[in-house]
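Chain nomenclature is as follows: A, B, C, D, E, F, G and H, assigned in order of appearance, with residue numbering initiated at 1 for each chain independently.
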Amino acid sequence: MQLLEAVRQGEVSTVEALDRVASLPYRDLGFAKVDVHRELRQGAPEAVLAEGKTPEQVAGIVRAMLQAGAGSVLVTRAGDDTRRAVLADASDAREDDRARAVWVARGTPVPRGLVVMVSGGTSDGPVVHESRIRAELLGTTVVVHEDVGVAGLHRLTPVLPDLERADCVVVVAGMDAALASVIGGIVSTPVIGVPTGVGYGSARGGETALHSMLCSCAAGLAVVGIDDGLGAGTIAARIARGRE
Amino acid sequence: MQLLEAVRQGEVSTVEALDRVASLPYRDLGFAKVDVHRELRQGAPEAVLAEGKTPEQVAGIVRAMLQAGAGSVLVTRAGDDTRRAVLADASDAREDDRARAVWVARGTPVPRGLVVMVSGGTSDGPVVHESRIRAELLGTTVVVHEDVGVAGLHRLTPVLPDLERADCVVVVAGMDAALASVIGGIVSTPVIGVPTGVGYGSARGGETALHSMLCSCAAGLAVVGIDDGLGAGTIAARIARGRE
Amino acid sequence: MQLLEAVRQGEVSTVEALDRVASLPYRDLGFAKVDVHRELRQGAPEAVLAEGKTPEQVAGIVRAMLQAGAGSVLVTRAGDDTRRAVLADASDAREDDRARAVWVARGTPVPRGLVVMVSGGTSDGPVVHESRIRAELLGTTVVVHEDVGVAGLHRLTPVLPDLERADCVVVVAGMDAALASVIGGIVSTPVIGVPTGVGYGSARGGETALHSMLCSCAAGLAVVGIDDGLGAGTIAARIARGRE
Amino acid sequence: MQLLEAVRQGEVSTVEALDRVASLPYRDLGFAKVDVHRELRQGAPEAVLAEGKTPEQVAGIVRAMLQAGAGSVLVTRAGDDTRRAVLADASDAREDDRARAVWVARGTPVPRGLVVMVSGGTSDGPVVHESRIRAELLGTTVVVHEDVGVAGLHRLTPVLPDLERADCVVVVAGMDAALASVIGGIVSTPVIGVPTGVGYGSARGGETALHSMLCSCAAGLAVVGIDDGLGAGTIAARIARGRE
Amino acid sequence: MQLLEAVRQGEVSTVEALDRVASLPYRDLGFAKVDVHRELRQGAPEAVLAEGKTPEQVAGIVRAMLQAGAGSVLVTRAGDDTRRAVLADASDAREDDRARAVWVARGTPVPRGLVVMVSGGTSDGPVVHESRIRAELLGTTVVVHEDVGVAGLHRLTPVLPDLERADCVVVVAGMDAALASVIGGIVSTPVIGVPTGVGYGSARGGETALHSMLCSCAAGLAVVGIDDGLGAGTIAARIARGRE
Amino acid sequence: MQLLEAVRQGEVSTVEALDRVASLPYRDLGFAKVDVHRELRQGAPEAVLAEGKTPEQVAGIVRAMLQAGAGSVLVTRAGDDTRRAVLADASDAREDDRARAVWVARGTPVPRGLVVMVSGGTSDGPVVHESRIRAELLGTTVVVHEDVGVAGLHRLTPVLPDLERADCVVVVAGMDAALASVIGGIVSTPVIGVPTGVGYGSARGGETALHSMLCSCAAGLAVVGIDDGLGAGTIAARIARGRE
Amino acid sequence: MQLLEAVRQGEVSTVEALDRVASLPYRDLGFAKVDVHRELRQGAPEAVLAEGKTPEQVAGIVRAMLQAGAGSVLVTRAGDDTRRAVLADASDAREDDRARAVWVARGTPVPRGLVVMVSGGTSDGPVVHESRIRAELLGTTVVVHEDVGVAGLHRLTPVLPDLERADCVVVVAGMDAALASVIGGIVSTPVIGVPTGVGYGSARGGETALHSMLCSCAAGLAVVGIDDGLGAGTIAARIARGRE
Amino acid sequence: MQLLEAVRQGEVSTVEALDRVASLPYRDLGFAKVDVHRELRQGAPEAVLAEGKTPEQVAGIVRAMLQAGAGSVLVTRAGDDTRRAVLADASDAREDDRARAVWVARGTPVPRGLVVMVSGGTSDGPVVHESRIRAELLGTTVVVHEDVGVAGLHRLTPVLPDLERADCVVVVAGMDAALASVIGGIVSTPVIGVPTGVGYGSARGGETALHSMLCSCAAGLAVVGIDDGLGAGTIAARIARGRE
C-alpha cells in the first residue's frame, strides 16, 4: 500500500497508480498466472492450493514464484506426491505431513506480535498446524495448545496466561465448537474461529461448528471457512502484527 | 403398565391384554378422538397442541378429557382466544401467558424427584415455562434458573448447588447452545437439551442450537425438538420420578 | 459431585472447590490432554473417538488413562489397525468388530437398573452394540432386541415384557424411525432414540430418522445424534442407575 | 384415450390423432388458457389453484370451463373473497371453508370403488377434506377417519374393517408421519401418503413427514407433495375406479 | 386380510383376531427376525435389502424364508458376493447384475394387469429393472421402455399405445424428471414416479428429480423414494392387480 | 466499450483508459451512489431495486439518474407507495402494478431483435411482465405467451411459430418447471429460464424450479435467479440485439 | 426449424409438420434410443454423458450416431476405458484427458462468432475445456483465458481486449465466483456463468458459486448447472452464432 | 485481563483469581441476570438484544446496567416501543431508527485506531450503522462508505485512500457479496465481512452472501453472522485499538 500512501500524499496521481498496478508483472504458465508481486502489494505471498492441480503444476508454480523473488511460498492440502515434487525441486523446502503442507521460506518478515492457537481436540491437528505455519511465514510468533475441550473446563486453566498475552486468539474446533464461545467470553482480544469437519452424523462436515461459531453470543469473534487454516493464519498474523 | 406386569406374572394372557387395550375407551368428537385413558396407560394425560385447532375445538377436547376423569389437562401453544375459551369453561383453569399455556389440574401425582431447568437467555422464557408446567403436572419438583449464559461463566456458579441436587437437568438454549455442553461437562445426572428458535440469521430458527446439542462432546445429553418444552418436561419428569 | 456436596454443606468453600477443580490432574501427551479424573468427577471415564487419530495416538491415550487408574476405557469407531494396537498393549482388552469398539475394563461399577435396547433392523447392529457396551461399562444391565420393525407390529409382542421391566428404553432406528413413535406410545419409561444412517436416497444419511424422532408425537422421547451409540449408552445408563 | 385406442386399432392414423390433439379447443382469457377438454382427454377436469390469482381471474376461469361444458370444476386454496366470487357467479356452487375449496358439480361420474382416508390429527383436516372433495368429484366413494394417531394404536382398531374394504387408502399426516408406516404394514391395498405442514420446529413445514413417508419400510406406499390433498384425491380416485 | 374379513362378518372376535396376529410365527436368526407369514398377511413376501448386511446374513435370511414356504424371495442392492452366496444356496435362484438383484421364485401369483415402465435415460436402468423384477414376482405383466427423454418428444410416440393399455404407469427419471410431468399430462391411469440419483451437480443425488415430481402440475402422480425401484414395483403391481 | 475498442486500436493507452473509468462521474446522495454513466459504459441504465429502500430514497435516485441524462430508469419490486412517489416526481413515468414496476423512458434504443416470453401459469405473470418491460426498455421487441403448461402440450402448438422466429426465448415457470425442458428440446435459439416462487410445499419457494432448470437435459438453456425477471430481460435483450 | 419456417409460410400444414416430427427416425439399441436427427432438428447433435453407462454402451451409441450421418459426436465425463473404447472404434476420434472428453468431428459448421472463456483458477480447467470443445464443434471460435482471479484484478487487464470483441463471454469459477460479478460489471455482451465444484468446506461442492452467480448484481448474466461445461458451450455457441 | 496479568506475575494465585471471578457481582432481575462487570472484565459492556424481550424488560436491564456504573449500554434490534421505553428512562439516551438501536453513553474510552466500513448497497444501511455505533462506543473512529458495489468498480476509487489508512476494514454486503473478495484482494489490513439478508430468491436470506465470503479467495478475511452488525463492530474495534 506504499503506492496508495504515495497517492494520498499527492506524490503519485491516481492515474499513475492504476497504471502501475495494471502493469504489475505476473508469469503466465499457460495453466496458471503466477502473481509474483502480491507479496509487495499485500504483504503476503499467494499460497498455492494443491487440490485440483497435478504435482507438476504445483512444482512449476512454486518454481516461478521463487524465481520471481518470493520471500516464501506455502503449498496447502498437498498429498505425498505433491510434497515430494516440491521437495525435489527446492533443497530448502520443508514439509509437515500432518498439516499436508510444504513450503519454502527464503525471506520472512521479522516476527511481530503473538498469536495463540487453541484446538478442541486431537483430530483438529491438521488445521491447527496449517494455520500455524501460515502465520509464522507471515512473521508472527505462534503458541499452540491442542485438545482443550469444554467437557473438562479445567483443561483451560493452563492456557489462560497465554490467552492473556495474545494479540489474537485462534480457536480451532469441530462438533458443537462450544470452545469458541467459552474462550470468546473470557478474552478481550480479537478471536478468529476455524470450524473443522471433525466429527460424524450431526457434525455435518463442519456446518454445525460453523453456524455455532457464527451465532455465538461471545463478542469479538469472527470466523473463516470450514477447515480453512490458511485463512485463519493470514488474518491472525495481520491482526497480531498491527497496521504496517 | 400394570396390565403388562400382570401379563408378565401370568395373571393375564397376552390375548386378554391385547383385548383390553383394544377395548380401551376413547371419545369421538368427530374432529378428534379423545384418548381418555392414556393417563392410566402411560402415567401422563395427553397434552393438547392448540396450533391448527379452533378455540372451540380445543375447549371441547379439554371438556371431554375432564369429563372422562383426567387428572390434569395441559394446552400448549395456545393464543389468547384459546386460553379464554378454556378459562370460560373451567373455573379452576389456570394460564401462563408467557408460556402460552392453559391447564386444569384436578388430581396430580404426589411430587417425586427434582428437575433443574437452566436457560441461556431471557428470550428462552416461553419454552422454559411450558416445560416447567408440564413437569410439575406430571408430579415432580422443578427449580428454574433463567439467563445463565456462557459468555459469563461466573453466572453459572450459584446454579451449581442445584445442579448437584438434581435428578435430571433441562438446558434450554438457542443460538449456539454452548450452555448445554458446558453443563453437560459438569454434572453426572441425565441432561435433556431443548434447542430454541431464539436468535436471527445464522441461528436458523433453532437448527444451529439443535445440531450443536446433538454433537456436543458432553456425555449424558439427549435432545428434544426445537422449542419442544412439552417433550422436555415429560421425559424430565419421568427420569426424575424413576420407574413406577 | 462429592466436591459440590461438600460445598453445599459448608465443608468446603467455593474458592477451594474451584481451586481443586483447576488443579485436577491431566496428562499432556502433546497431541492430547488425557482427562484422568473425569471418572471421579462425572462417574464415567472419557471415551476415545478413534476417527481422526492414528492407532499409535489412540493406544497412547488408552495407556495413559489406564496408568492413571481408569476403571475402564472404551475406544469407539476404531478400525482394525486401531483395535489391534490397543489389544497389543493390554492383554485384558476386548473388542467387538461389528461395533468397531475395543475396550479395557478393570473396575466397573456394580450393575444397577435395566436398559432395554430395541433396533429397527439388522443393519442398525453396529450402533446398538456400541451403545450396549458403553452402558454395560457404566454399570447397568442391558437387554437387546434386534430387527423389530413396524412393518410387522406382531414382532413387537415378545419385546413387551422387557419393555415393561425397563428403567430406560433405547430405540435404534434408521429410515423413517417409526419404531420410536410406536414404542414411545406404549411405554411410560424414558425413551432415548438413536437415529441411524441406515438406508439410501430419502433416508438422507440419518437426517430423516433424526427429524422423525424429534417431532414424534410420543411423549417421553429424547434423541441423541445420528449413529451416536455412545451417547445413548451414556445417558441410558445414568437414567437406569438413578441419582448417585 | 379413446383416440389412442383408435390409433392402436388402425382406425385413425397417427397423423390424424396428433392433428386432433393439436386442434383441441381451449379458451384464451388473456391471463389464462382454459383447458376445456381435459375432462374428455384425461377423465378429470383441470382443478384451479386460487393462490396467486385474483378472485376475478378465478371466477372467470370457472365460468369459461362451465360454459365449455365441464362436468365439474374445483377451486382449491381459495380464500374468502375467491369463494364468494365463485358462489356469486354460480348458484349451484358449493364451498367448504375448512378445506378452503369451492366447486360446481353439474355432472360427475357414477361412483365406483372405495377410498378410505385416515388422518393423524385434527389439524390435518383441511388437507383431508380437499382430498375427499376431489375424489368424490372424480366419482368414487370416500370414507374419512380423522385423528387416528400412533401414540394410541388402539384408536386404529375401529378403522380396520374400512381399511380392509378399501380399494385405495390415503394417509394424511404431519410431524413424523409414523401412521403411514403403521398402516402400510397392515393393508395390502395401494396406499397414498400426504405429508402435511402441521407441527412446528423439527417438523420443518412438512419436510420431515415427507421424507419419513418416502423412506418408510412399508411396501406399497407412494407419496404426493406436502399438503397436496388435490393430488392425493386424484390418484386415489383413479386407483379405486380401476382402468376405464 | 381374510382375518379382518372374518372379524367384520362376526365370525371371529377382535380378541381372537389380535391373538392370531400376535401369535403369527417368525423365525429369530439372532441378527434378524424373519417374517415368514407376511406373504399370507399382505400378499407380498418381505424383500431383503442387502446393504448393511453380510452375504452370510442375507443367505441365511433367504434360506429361512424359503424353508417357511415363501412363494418368492427378492434380494435388492446386492453386490457380487451376496448374489453369489444366494446362488450357491439355491440352485433355482436367478440374478440380474445390472439391477443388483438376486431372487428365488417358487410360486408366484398368476399374472393380472399390465404395468408400463418408462425411463428417462439409459443410466436409469438399474432402478427400472429392480422395479420390473419386483412387479413380476408379485404377479403382474410388465412392459419396459427405456431412454425416453423429453428433449426429443417424438421418442414418446411409439410408447403411446402401451401407455394407453396400462393399468398403472411407472416413470423412472433423474435430473429434472420432466418426463413424469409430460406423461402425467397424457395418461388417465395412475402414475408412479421414481426419482433417480442419475446426474451430477444440480441433480443433487436425486433431490431435484424428487421435488420436481412432487410438485408436478400433472394430476394422478404419486412418488416413491429416490432410487426406490422396489417400492414402485410393489405399489404398481398392487394397483394393476386391483383389489384382491 | 468504445473506450476498450479505442484501447485495442491503439488510440488510447491502457493508462488513459483506466483513468477515464476512474474519473467517470457518479452522484453521491449520501445513502446511495448513483451510477449515471452505466448506460454509456454498458449500454443499459442501472435498474433500481425498491425493496429495502424508502419511497423517498427511490424517488431521489430516479431523479438523480434522469438529471444526469439517463435514457430510461426502471424501478422493480416497488410497492404502491414507491410507485406513487416516482409518479409524483415525473409526469412521464409509467407503472405496471402486476409487475410491481414503475419507469421513465425518455430515450430508448431503436428496437432490434425479437424475444419470446412463455410462462407456465397465470401466477407467473408478475415476473413475466417485469422481464418484458426491462427488455423493451433495452430496445427489443417482446412477444408474451402466458399460461402455457406441460399438462396440456397442445397449448404449446400456437406458440410454435413465434418460438421459431425468436432470437431468444425466455421461459418463466415455477413448480417443476418442466416447460423449460420441453421448450428447450424444441428450439435451436438460446433459452433463458426464470424459475419462480409460484407453488407451495415441495415447490420450496422456487428452489425446485431452479434446480430442475439447471439440470434439464435440454441443451442451450441458462438460468437466472428465482423471480429475477429483471435479469432475464437484460440478458435476453442483449442476446436478441446481438453484438453492438 | 426449417420445418416450422415452412409451417409459418403456409407451405406445410401443422398436421403434416407434427407428422414429420413423429416419424423422425431414431435407432433403438435396446438400452438406448439414439436421436439421429437432432442435428437436423436443433442444429446440434446430442452429446453423450458417459457417466452411468458402460464403455460398450457409449461406443455403441457413438457408432450408431455416426452411421446415421451425425456431423459430430461428443462424449463427456468419459473415463479412460470409455475414451479408449471410442478411440478403438473410430480412427478419427480425438480425446482431451483433462476435459475427460472424446469426440469425432466429421462435418462441423463453418465457425461464426467469438466466445471468450475466462476461468477463476487452474483447477477449473476440466470444465473450461469441456465447454470449449463443445462450442467449437457447434461452429464458433473460442478464446480461453485461465486462472484469472479477483484477488489480483490486474490479471484481468490483458483479457479486456478479448472481452470487448466477444459475442458471448463464459465465466467458469468456483468458490465465491466473484469473477462473474466483476466481469458482468464490465462487459455489455451476454455472460454465461458456470459454477464449479472446486474448493472445499464452505464451497459446498459448487453450491456457493452457483448461488453467488444467481444473485450477482451484474446485469446480463445467466447460469448453467454446476460443472456443466457442455451446457455453457452449447448456449454460448448459439448466442455467438446468432439466429440461423 | 488485569487479573490474569496479576496471576502471571505471581501477584495473585490462581485460586484467588478464580475466586474473584466467581464472586463478580451481577444483578438478578428474575427474568435476566445483568452482567454488571463485563466492561471491567472484557473491556466492553454487554449489549442487549431487544428481540424476544418486552420493552419493560429491556428498559429494566438498561437501568440496572447504568446503576451498576456501565460506561455505555447499547440496545440492538429494538422496535419503536423499546426505543421509546429506554428514551423515557434515560434523558441522555440516543437512538438511530434506521439501525434500530438505542444507547446511553456516559463514559466511553478515548478513541484509538480507525475502522473503515464499506457497504455494497443502500439497503445494507441498518447493519452498517448498528456496526458503526457499536465500534464508536467501544472507542474507535469509524468512517463509512455506503453503496459501493462491484458492478461499477470505479465507485471504489474514492474509497481507496481511506482503505489505505484503516486499521481494520468492515465490508457489509448481501447478494453475492463479491465486494468482500474485491476489497480483500486490495488491502493488507484485516477485513471483517458481514453478510446481510438483503436481496430475494437466490440470496436465501443472506446464506449466499455468507458462504461467498467464507470461501473468498481473498486472504485476510473473517466473517460474522448474517446481519450481525454488533459482532462486526466489536471485533473491528478490538482490532483497531490493538492489545490493551
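Keep this in mind: a residue touches a chain if its C-beta (ideal position, glycine included) is under 8 Å from a C-beta of that chain, and two chains touch if they have at least 3 such contacts.
Keep in mind the model is a prediction, meaning the values are calculated, not measured.
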| item | value |
| --- | --- |
| Shared interface numbering between subunit G and subunit A [over half = same, under half = different] | different |
| Which of E-G and E-F has more C-beta pairs touching across its chains | E-F |
| For subunit F paired with subunit G, centre-to-centre distance based on mean C-alpha positions, whole Å | 24 |
| Rounded Å distance between subunit C and subunit H, as computed from the means of their C-alpha atoms | 41 |
| Where subunit A and subunit B are represented by their mean Cα positions, the distance between them in whole Å | 47 |
| Subunit C and subunit F, separation of their C-alpha mean positions in angstrom | 57 |
| Per-residue multi-chain contacts in subunit E, two or more chains | 14, 22, 121, 151-153, 157, 185-186, 201-203, 210, 214-215, 219, 225-226, 228 |
| Subunit H to subunit B touching residues, read off their complex | 21-24, 26, 30-33, 35, 38, 46, 49, 51-53, 57, 77, 197, 206, 210, 225-228 |
| In the complex, subunit H residues that touch subunit F | 121-123, 125, 146-148, 151-155, 157, 198, 200-203 |
| Interface residues, subunit C side, partner subunit B - complex | 1, 4-5, 7-8, 14, 41-44, 47, 157, 160-161, 163-167, 185-192, 210, 214-215, 219-226, 228, 230-232, 234-235, 238-239, 242-244 |
| Subunit E to subunit F touching residues, read off their complex | 120-121, 149-153, 175-178, 180-182, 184-186, 199, 201-204, 207-208, 211-219 |
